[in-house]
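First chain written, first letter: the chains are A, B, C and D, and each begins at residue 1.
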């Protein structure tokens, strides 16, 4: 199968490498072409534009920073929409707004191009190890055609439903849940510490009892050791995702007071610590607010 | 070893039964004596007062509903303090205020009685199966002397430190974490459902990826199926625990806005649904607030 | 002076009428022309497009529903930007985003057109009575040239500074303050009522002591009498303003937890009561959340 | 009329002085007697105990720091309850818990002593100038008998109803409203300042338009000038009042998320700034959280 891949950041590059490794014929494109070098060395071809990558492909993946970047890659003379054949498939893995996913789906439908929204859970290490989780929505047929490719990059695929944008909604819910877990741990650890219980001790009890999942271990350790830099996922990116969730919630008329709290804590963290701190840096804010 | 056991509610009765089963010599007491019947049938002895149960014992356990019940059992002519021998040990398993645990520790110390605070995590089924988690604080020597007893009733013991009340602080932090997890899931599920994703589908993704722990499965299912009655842990009891956590936080000067949110949602739930709903009924409140 | 006036909703029509009454030569335009009839009867002229209204005028006022409506009136072949003479003045009275005001200022500056941002406080009755408050920002010279016109429509003019968009920021802060006052009164009234004190009695004490301002009397009475329909200012419009404030706060990295709370209460109100309720309908939500 | 007066702090001493000035026969008592000196110089008599002050009086006023101080003055051999004649009146002006006021009322009723709860609004300067606002609850007859005394110390008396504790509920609602107004102003000022509008400029617009009441001028100026020390009303006292309001709200099952926010901001302020800051110091916290 001929595959296009657009967007070679940390995540995209790792995913594309796994597709190359699985012996697919991969055409890559990135805004700054030098990021494509190691993929080309591994056997990928470099395209001159998103359109060129799309024209050559049965399936084109995109993994871009935000809604604007995705729109830029889709639109215009050099864009995917102009190049993708009728019947070919675009798989969008970016974390974007629910409304944007709906727009993109409609634009492809107008051109009889197929579209699957398939954001992923997992950090760059998981992407490199082909251990991502894929959350996909679109027609069942499109999912089946993409499944072998997903299997080359992930440990598991979840099928959410027919409407592509619902996959994005689930992705935003997941990121909200992660930050909510960080907030809860950080508040509990701050209370514990001021009350004479070391943060690591509380974490040992939590992960040894009810919160026995890697998420709590990973972020709990970051909180206990206060290792907020370098950022694995920077606070402004977390803020962007919470804003997207908030926009979806506003559109659906869903009050989400915990989401509101998370946004306010991210804002405080960025205002007082700078833009380069990890999103789990809300833990520092919570501790500072208690005078620690 | 001669063991006293005070408080035979659902939790206490199950724990005491495991101590009897482990062939200890157990003297039980409960405010209403009829709850002791099955334990007596199993081999326990019934005491006429907390004092009598304490006088006869090397170790006396208490598992009571709240601070007032514990104080009633400790104080006065018929109380534990009057009966317990110098050098004998009181193990308090109740979920009580941090400050109360400190007071109890001081009152025992005045009388050269030993004191271990050892609240537990786990529901009645876990108690019956000897699968509780014990969170203990007090001197290391006291913990060691109680350890064989804990092993008869639990799957694991955590030692928090020398100051008994810190175990209660950890217990309150844990209950806060559980309700925070329910809040987060309920907000996410409400957004998902209004956006076209069934709650059970979101739960499948969450527990299949990052939130792969029994807590999320158990409470997630309750939320997805809206099974808030009969209550496993009634909302007013949850409110009591959040109030105790809040008092500790106020005493330590720790702002905990997520804890504040949980209290307000419990209050709304009780005000609109009644006192008999499970504490996870905040999920209903969150859904109703979105018009569901 | 020749004056253009764009946007003849309740507010715009009342303001324009006062300009006509002050014997200015007023050219009016509205998307649906029939709303201009009474003004034309009173002596105004009807323009065929925003551009025509602008071309004929030394000063053109706009009072439109939102950012999109303002942009539509400004842009394109028939827009204000194409028509307004160099050196002529646009006075924007709409409640719009801070960022939008900045964009509009820049677009006028490119064409050497002058721009004053001058949103107002006051409801339609106040507009009709020429009792508005004008909050203006732009150059001092531009303010002075507009001052006689402001005097014909308002009771007082506040000059905020040189940067036009700061007037919009102040306007959003003011609307936030109003809704915050409603929230505070509604929470207090709900507590009072459940505790045996009628809402009107609490209001009498509040406005008779520390909160002796028309705002508290007006909205306090609405809350006490639960007169949330017909809406004086509909909840979705209030939500729009809170969203604009929230966007400004996010841009400036300012956590505003009270603003977040107001947004969530507006969302709940709209979700459960519908789109036609007054923004003070958050009072109903607050009462319902307490089981009233 | 013979009057007893218990509690000569800043507020109590100023009120008692006005009663002396109105030529009443006043017997005073304070825990530390030296605070009574200037009143004795002005014509008051010093009592040796609360009981003695009560025994001699037709009406005994109390103005004490908190629930514990009031209970201490009422109870025991030397307390008011033991001394006050049947049919004599106790007027309690302290800011205390609603539940405490109910208890005190019941204890007086048992002894056929009369009881009026009459907390006040106003700072020490207002007390000295006899410009307080009295919020009274109890029987109408008791209010009428106390009215001439209230007129000697206040500018206006509000009658809330028959149940004494409702006056305390109204007082707590009022203090909640004041701190809510401070919160709202502080959030708005922080946004304004980061957006380029000086705090004093925003305040000028607010108080010149919709918030034209002394409260907003007074606290607005404190916020604009950041004069949080010395405290007029210290943050821990404010926290006590918010806790009392919160207890009342919990008892009545009323979620009050804005009250929760205020408590958390007071906690942060005390944790980071110390116990000696004014309760309006939440304004500093709000500014710091935005990086100012």
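Annotations
In this section, a contact is a pair of C-beta atoms (placed from the backbone, for glycine too) under 8 Å apart; a residue touches a chain by one contact, two chains touch by 3 or more.
Note that the coordinates shown come from a computational prediction; the quantities given were computed from them, not determined experimentally.
Two copies of one chain, chain A and chain D, form a contact in which over half of the residue numbers belong to both partners. In this assembly, B is the chain whose CA centroid lies farthest from the centroid of chain C. Remark: rotation between chain B and chain C after Cα superposition is 180° (nearest 5). Taking each chain's centre as the mean of its C-alpha atoms, chain A lies 53 Å from chain D.
Chain B and chain D have CA centres that are 39 Å apart.
Among all residues of chain C, those that touch two or more other chains are 249, 253-257, 261, 267-268, 271, 289-291.
Within the complex formed with chain B, the chain C residues making contact are 257, 267-268, 271-272, 288-291. Every residue of chain D that touches chain C in the complex is listed here, in rising order: 98, 121, 133, 135, 156, 158, 160-161, 163, 166, 169-170, 173-174, 176-178, 180-181, 183-185, 187-188, 190-192, 194-197, 201-202, 204-206, 208-216, 245, 248-249, 252-259, 261, 289-291. For chain C in complex with chain A, the residues that touch the partner chain are 239, 243, 249-250, 253-257, 260-261, 263-265, 267-268, 270-271.
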